[in-house]
Each structure stands twice: as C-alpha cells, then as structure tokens.
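Letters A, B and C mark the chains in the order given here, with residues in each chain numbered from 1 onward.
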Amino acid sequence: MLYIHQASCISPQQTFAAVEIDQLREAVNNKLQVIEPSYDGIPSGILRRMGKAIRIGVGTALPLIKENNTSIDGIIIGTANGGMEDCIKFLNQIIDYNEGLLTPTNFVQSTTNAVAAQIGLLSANKSYNTTHVHRGLAFENALLDAGMLLKENAVANYLVGGVDEISAYNYNIEFLDGWYKKEPIAAADLYISHTIASIAGEGAAMFFVNNDNTNATAKVTGLQFLHTEDEQLVAEQLNLFLEKYLPAGEKIDLLLSGENGDSRLIKYYNACENVLNKQVPVARFKHMTGEYPTSSAAALWLACFILKGQWMPQHMLKYTLVPSNFNRVLIHNSYKGQQHSFMMVEKAVV
Amino acid sequence: MSRIFVTGMGSISAIGNSVTENHKALLKGKCGIGPLEMFPTRYASLLPFGEIKLTNTFLQEKLQAHEPELTRTTLLALHAFEEAIADAQLSPQLLKSFDTALIGATTVGGMCLTDELYRDANKTENGSAYLSSYDCASVNMYLQKRYGINGIINTINTACSSSANAILYGARLIKNGWAERAIVGGVDSLAKFTINGFNSLHILSPDICTPFDEQRKGLNLGEAAAFLVLEKEEAVAGKRCYAELTGYCNTNDAFHASSLSEEGDGPYLSMKGALDMAGILPEAVSFINAHGTGTENNDLSESRAMMRLFGNVPAFASTKSNTGHTLGAAGAIEAVYSILNLAHQEVYASLNFKQPIEATGLQPVQSYTKMPLEHVMSNSFGFGGNCASLIFSALNEIKSKK
Amino acid sequence: METVQLKQQLKKQIVEFLNLINVKPEDIKDDEPLFGTGLGLDSIDSIELIVLLSREYGITIQDPKEGRKILVDINTMADYIEKNRTK
C-alpha cells in the first residue's frame, strides 16, 4: 500500500527529536499531555496564533518538510476535533460578549482543516490538501487516502498524519460522557483497573510516504476498518483481513493493541487476541499515549520505531510471550466500541 | 479505472425541500435569503440568511427521527440522504453491503448547539443529551447506525470545499476498488459559531449578496444538505443516470488562512487539474457553477483565476445568490445544481448582479437560458486555501477521452 | 491617565491581546509602524485591535479599513484613545 520513509511524533512520551521511550512518563490528573518542543522552525508571528493541536501538528510535520520539501505532492491529515481549545475559546467569547464584537483568531484557528492548511502555508505547498475528521477512523481514512493517491500517482510523495489535543473543555465533555475515569489512576496501572473508561491523551504523528522501497523504514501492507458494536463481527473482519493481507506460511510477530483500560471495551481486544489463538505476543500503547481519536497514528509511529530498531520497551508487553523478531506488526484499535481498525505494518525489505 | 455515474440525488435548502423543489425555484430565480424566522441569534434582524423554514420538530416527525441526541445538522442530512437513496433505488440490503461507502462533510457538525456546547464544556455533572453529537463525525455515525452501513465511512472537513472533497473521495474509493457505490455529500445548519465567526472577519453582507458585482459587500450564510449516489459504469446498466463525474481536482492556495491569493493560484490549479483529468480543453467547458460567495476577496480572485485559465471565460453563475453560502453543503448542493444544468440543458440566473467588477469586466448569466451543455464545472474554494473543482458531463455527449 | 502611562498600558495590552511571543512591551517604540514593517502585524491583527479598543476603551470603529488609518503606531493609537475613549 505504501512505504514509510520518515516518521515523526510529538506525544506524552519522549518521542520527538531524541527518542527515549523506555522510561514511562506518567499521567497527571488522568491526562497524558504532550511534551512540546521549542518550535524553532515556526516563525513567531505565526506561532503566536496557533493552538496546541496546530502547534503539535505543524511541529511534527516540520522535520519531514525540511527533509523533503520540494517533493511533497500532498498533505493529508486526520483529526477528529481540530483546534478544540480555540473552538471553545471562540464559543466562550460568543456567550461572554453576547455575540458582540469578537476576535477572529480563535475561529480561524479552530477549524479542523487548520492543521493541514498551516502545513501547506508554511511549506508553500499548493498541491492536494485535505482533512479527514471521522472520529476514531480519521487517521485511517487519511492513510487510505494516501494509499489511493499513491496508486493514482506512482512516483509521488505524500505527508500523512493524525493529530488531536486535549483541551480543558473537550476533556470535560468526554468526562461527562463517561469516557475518562472518575477515579485517579496512574498510566502504569491503566490495564489492571477493571473500571469503565480510560485516561485522556493527545498527540501528533506524521509520515513521509511513497511507493519506493529503497531505504524505507517500514511498509503498510494492509488496512481495514469497520463500524459495529458486535465483537463477533470485529473478529470475523480480522479473519478476513488476515486472509487478505497475511501471506500463507507467514506469521505476525507482534499484535500492537489499542486496549485502553476501559472494562466495556476489553471484549473487542479479547476477540482479536482469540483470532490469533494467543500465539502472537501482544503489546499495548495507550498507557503511553492516552486515549484519543487519532491515537492509531501514534501506534503506527511506534510500529515503525519497533521495526526499525528491532526493539521495544518492556512496559509495552502484555504477556510473558516475547517476540522472537520484529518483521510484521498488526495494529488493532477499537475506538469507543464503535469504530475498529486493523493495520499491517512490515519491515521494508529491499 | 471505472467511469463514475450519478444515479441518485437528494437536497434540501432555503429554496426547496427536495431536488424537484430546488429545480423549480432555480427556474423561477427564487431567492431563499432573507430575515431569520426561527434561529435565535442577535443577528436575526440585522443580517440576511438562507434559512430552511422547517423546524426541528417538524423534521423529527417527518423523518421519524426522535433520538434525543440528534442535532439539526443530522436531521437535514438525513432528509437529503433519504431522498438520494430512494432516487437511486438502493435497497436496504445494498445499503448494508460491505461495498457501499458513505462519505459526508460538515463544518459545523453538532456545534449548531452553541449554547449547549458551552454549558457541557463548563459543567461538572449532568451533561446534556448531545455530549457525543458535537463533532463533525456525529452526522455520519448516526446515518451508519440507522441504516446499518457497513462499507467505508468517512467525514471530511475542509471548510467551504468539504462536500466537493467528499464527492471526489467517494469517486476514488470506487475507482480504486474500495467500494462499488458511494453515497457522497454534505450538510451544514445555521450556527452561532459560524455566524459569529464570519462576522468577526467582517465578511457577512448586511444585504442580500451580490456575487461578482462591483458593489458586493460580503456573503450570506445559509443551511442545506445534499447527497449524490455515485456508481461505477459496470453497475449502472438499466439504471437512470443523471450525469458522469469526469473530472476533479483538489489543490491548496497556500497564501493565507482566511483569504485567497490575488491571482487565485489555488482556484486556477484546481480548475486546471479537473480539466486535465477530464481530458478536455478549457473551451469545452459549457458552464461554470462558480464558488461566487459575494466577498470582495473571493469573487475577484476567482474571476482572475477563471480569466487566466479560460481566456474567454465560459458562461458562469453563482447559486449562492439563491441559497446563501451553505459551507459544508456547498460543494454537494452546487453539484446537484450543476447536474440539473446538464440534465435539462439549461442555466439559471445569477441573482442580484448589476455591475461587473471593474478590474475584470466579467458578467455572470443574468437570466434563465436554454443552451446546449456538454461539460459543467463546479468550484468550491475554502478557508485554509482548500480548493476543489468538479466536472460533470452530459451522458449522450461523451466523446472518447484522450 | 497620563499619556506616558497610557502608552505603556497600551503596549502591554497589545502584546497580551495579540499573544506576541518574544516581544516585550518596553521594546515597542512609540513611533514604530505597527503594520507592514516594524511590528509586522497583519489584517487579522487590525480586526483584533479594533476589538481591543472596544473592550478596553469603549471605542467603536465600524470599518477595518478606517481602523488602519488610526492603527499606525503607538503614538497615533494613544492620541485617538485620549480623544475618543468612553471608558
């Protein structure tokens, strides 16, 4: 489907610039908030207007643009909420000033396409530019879009990524809706909690992709997603996915699971582990990223990191079964028990 | 790759609650923009809007959609969606098929409920029924649940070009083998969020908008929903087809977050890209449904881009003078109007035009005209420089492509 | 309020309102152009400054284009505020 050459990630863990993910950075007040870099590449006149989602989206893209600017043929972003903080700030203005004289920056920066637009602006890129916003499948649709673009344009290169932020306000809405735990919890204890809901997360991950396998870090060989609340259907779809994308006689080295400590959702993850007959080592990532709609982008970054370095931190492993090598990773994510996705990511063999 | 045909349409706007009603209104040159009668905002008596004169209660009753979490945005989408799938005669089984895709678009989503969102964002307990309805995805998530849609589902938000991008994404899913058919479109309802947002940028007109006029003062916001059903050539034997989607292109102006470059680079590139894909020369375009919002910036930049590309600019008009700027629905409803142009071989008046822009001298079509139309282009240019152009072609006029 | 004090206050308000990172209020010269060169503000900033004048000083400017004639530098802004403030 596509080859990943560079990947960049700003997350609650040390994943940007000097990567160090062996030490788990903890949640504070049930929120895993990103470590923001210094954004040297963003002019201060532009940076001053950016809310967090745009800062981390653009900040993650910048290194990839710097390396490849003249050859990016499209920018495809997945984000469920865009600049939520700016959105609510503008709403607060509407209420506080009773629809009177309002400042426009919050409005302009809150639109979900602002991340892709700013990346396009900063790189003076006039080519394909789009934003997918379908909640827990926003990033998957962005990746599918990039895959189709590469089929349509054999020698093109694309920047594809996913980003979402926690703002005080959207945290509140998700909390009221029962998606974040009421009781205080450490990220390290997420999976042993046995209560409903998860912890809030945020992050941005970007990828430079094309059809060329020369010196590629990894390749995405399979992608599938569906809407259902039935875990049997999810398991059936995984079987179909494996039939389609796992060559006969080949094996999966690691299942990278989006399990998130929500007791209501464990059935989806159990169903998929059962399809693999518990033969495949399982790793989890949401104690590192927290739960948010486009966390699968961070999962893809982690998969690339693991495939490249042939190593992963101990704290990610679910069982005692340890991978013997890292050639093929299956990512499974189930968002709010309604949207499910599978991605097959493999080491790019030249 | 497969050719893509439009086999069904549904629409609701300030000028009609169905495709037929919209068509009748366009024939008469009806303007649906005026004072607000239902929507509560400080600007109700100060600014004109393209309001759909149906209450939420009426829509809930008509559509048998009483779930407490439904927003007006979702209700309008449901209205147009039902019309489109009935028009294309898609059975319930086909809707549930794994190869039926649903691609929608909205910029507002559930944020039409500004006051509720404000309360929920600031409360500590007892959230409203709308907690999961505020985002853009909530519209399609409801349609998925109601109809049991199992194929690829997506929501796109690229501001004013959103539903044009939904249409081209659906077409590409079919061409690349990810779907056999796609229901594509968009919706937006009036919201304090967008009313105040655009007003803060000083681009709302205090009068009914006058696209491409020298004295234009800005845009009027409107609400609408429209869906098209796209099917591949191999599947349409025996079906009634309206038109073929022969070209599309998405580009970025990369100039400023909320205005277009003077020379309209993004629009120029998206129009050119659509022509290249359709394999036709500029002079083959019979008519353009322009973005034409009525703002100083858009209409001038768009005019310049058209002049650069076409030299001799074809007949063009903006239907935003009938419906207002419907944001996330604009690309889709204007696609419906472009297809009506082709199906009936006619073009409708661009309303309220008096005087051409001095710098360009361009004049849109000013009265209803029957004329031969082979290829119609529909343009949508949005915030963030997101530009999209679509080309629809008449069925019995298709020449073989290069 | 003394003119000097007003100018100091105005600089502080501009920096905060427009979120001018890396700019200290005391670094803004009284006659430094706000737009184009100098501080380098743009059209969105001119709209924002009109809102600032309304909220802090009760001054209404209807047209952003008219606003640009007033928003030349700190001197002209302070002068206009002194003559027109209602707060």
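By our rule, a contact is a pair of C-beta atoms (placed from the backbone, for glycine too) under 8 Å apart; a residue touches a chain by one contact, two chains touch by 3 or more.
Remember, predicted model here, so these are calculated numbers, not experimental data.
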Farthest chain relative to chain A (centres taken as mean CA coordinates): C
Looking only at C-beta pairs that count as contacts, which pair of chains has more of them, A-B or A-C? A-B
Expressed in whole Å, how far the mean CA point of chain A lies from that of chain C is 41
Measuring centre to centre with CA averages, how many angstrom lie between chain A and chain B? 30
At which residue positions does chain B touch at least two other chains? 200-201, 257-258
What are the residues of chain A that contact at least two other chains? 101-104, 108
Among all residues of chain C, which ones touch two or more of the remaining chains? 44, 47
In their complex, what parts of chain B are in touch with chain C? 200-202, 257-259
Complex contact set, residues of chain A against chain B: 75, 80-82, 87-88, 90-95, 98-104, 107-109, 111-114, 116-118, 120-121, 123-135, 137-138, 141, 144-145, 148, 151-152, 169-170, 172-174, 176-177, 225-228, 338
Along chain B, where are the residues that touch chain A in the complex? 41-43, 107, 111, 114-115, 117-118, 120-127, 131-132, 134-137, 140-141, 144, 149-150, 152-159, 165, 169, 172-173, 176, 178, 192-193, 195-197, 199-201, 250-258, 265-266, 269, 382-386
Which of the residues in chain C end up touching chain B in this complex? 43-44, 47, 63-64
Would you mind writing out the residues of chain A in touch with chain C in their complex? 44-45, 47-49, 101-105, 108
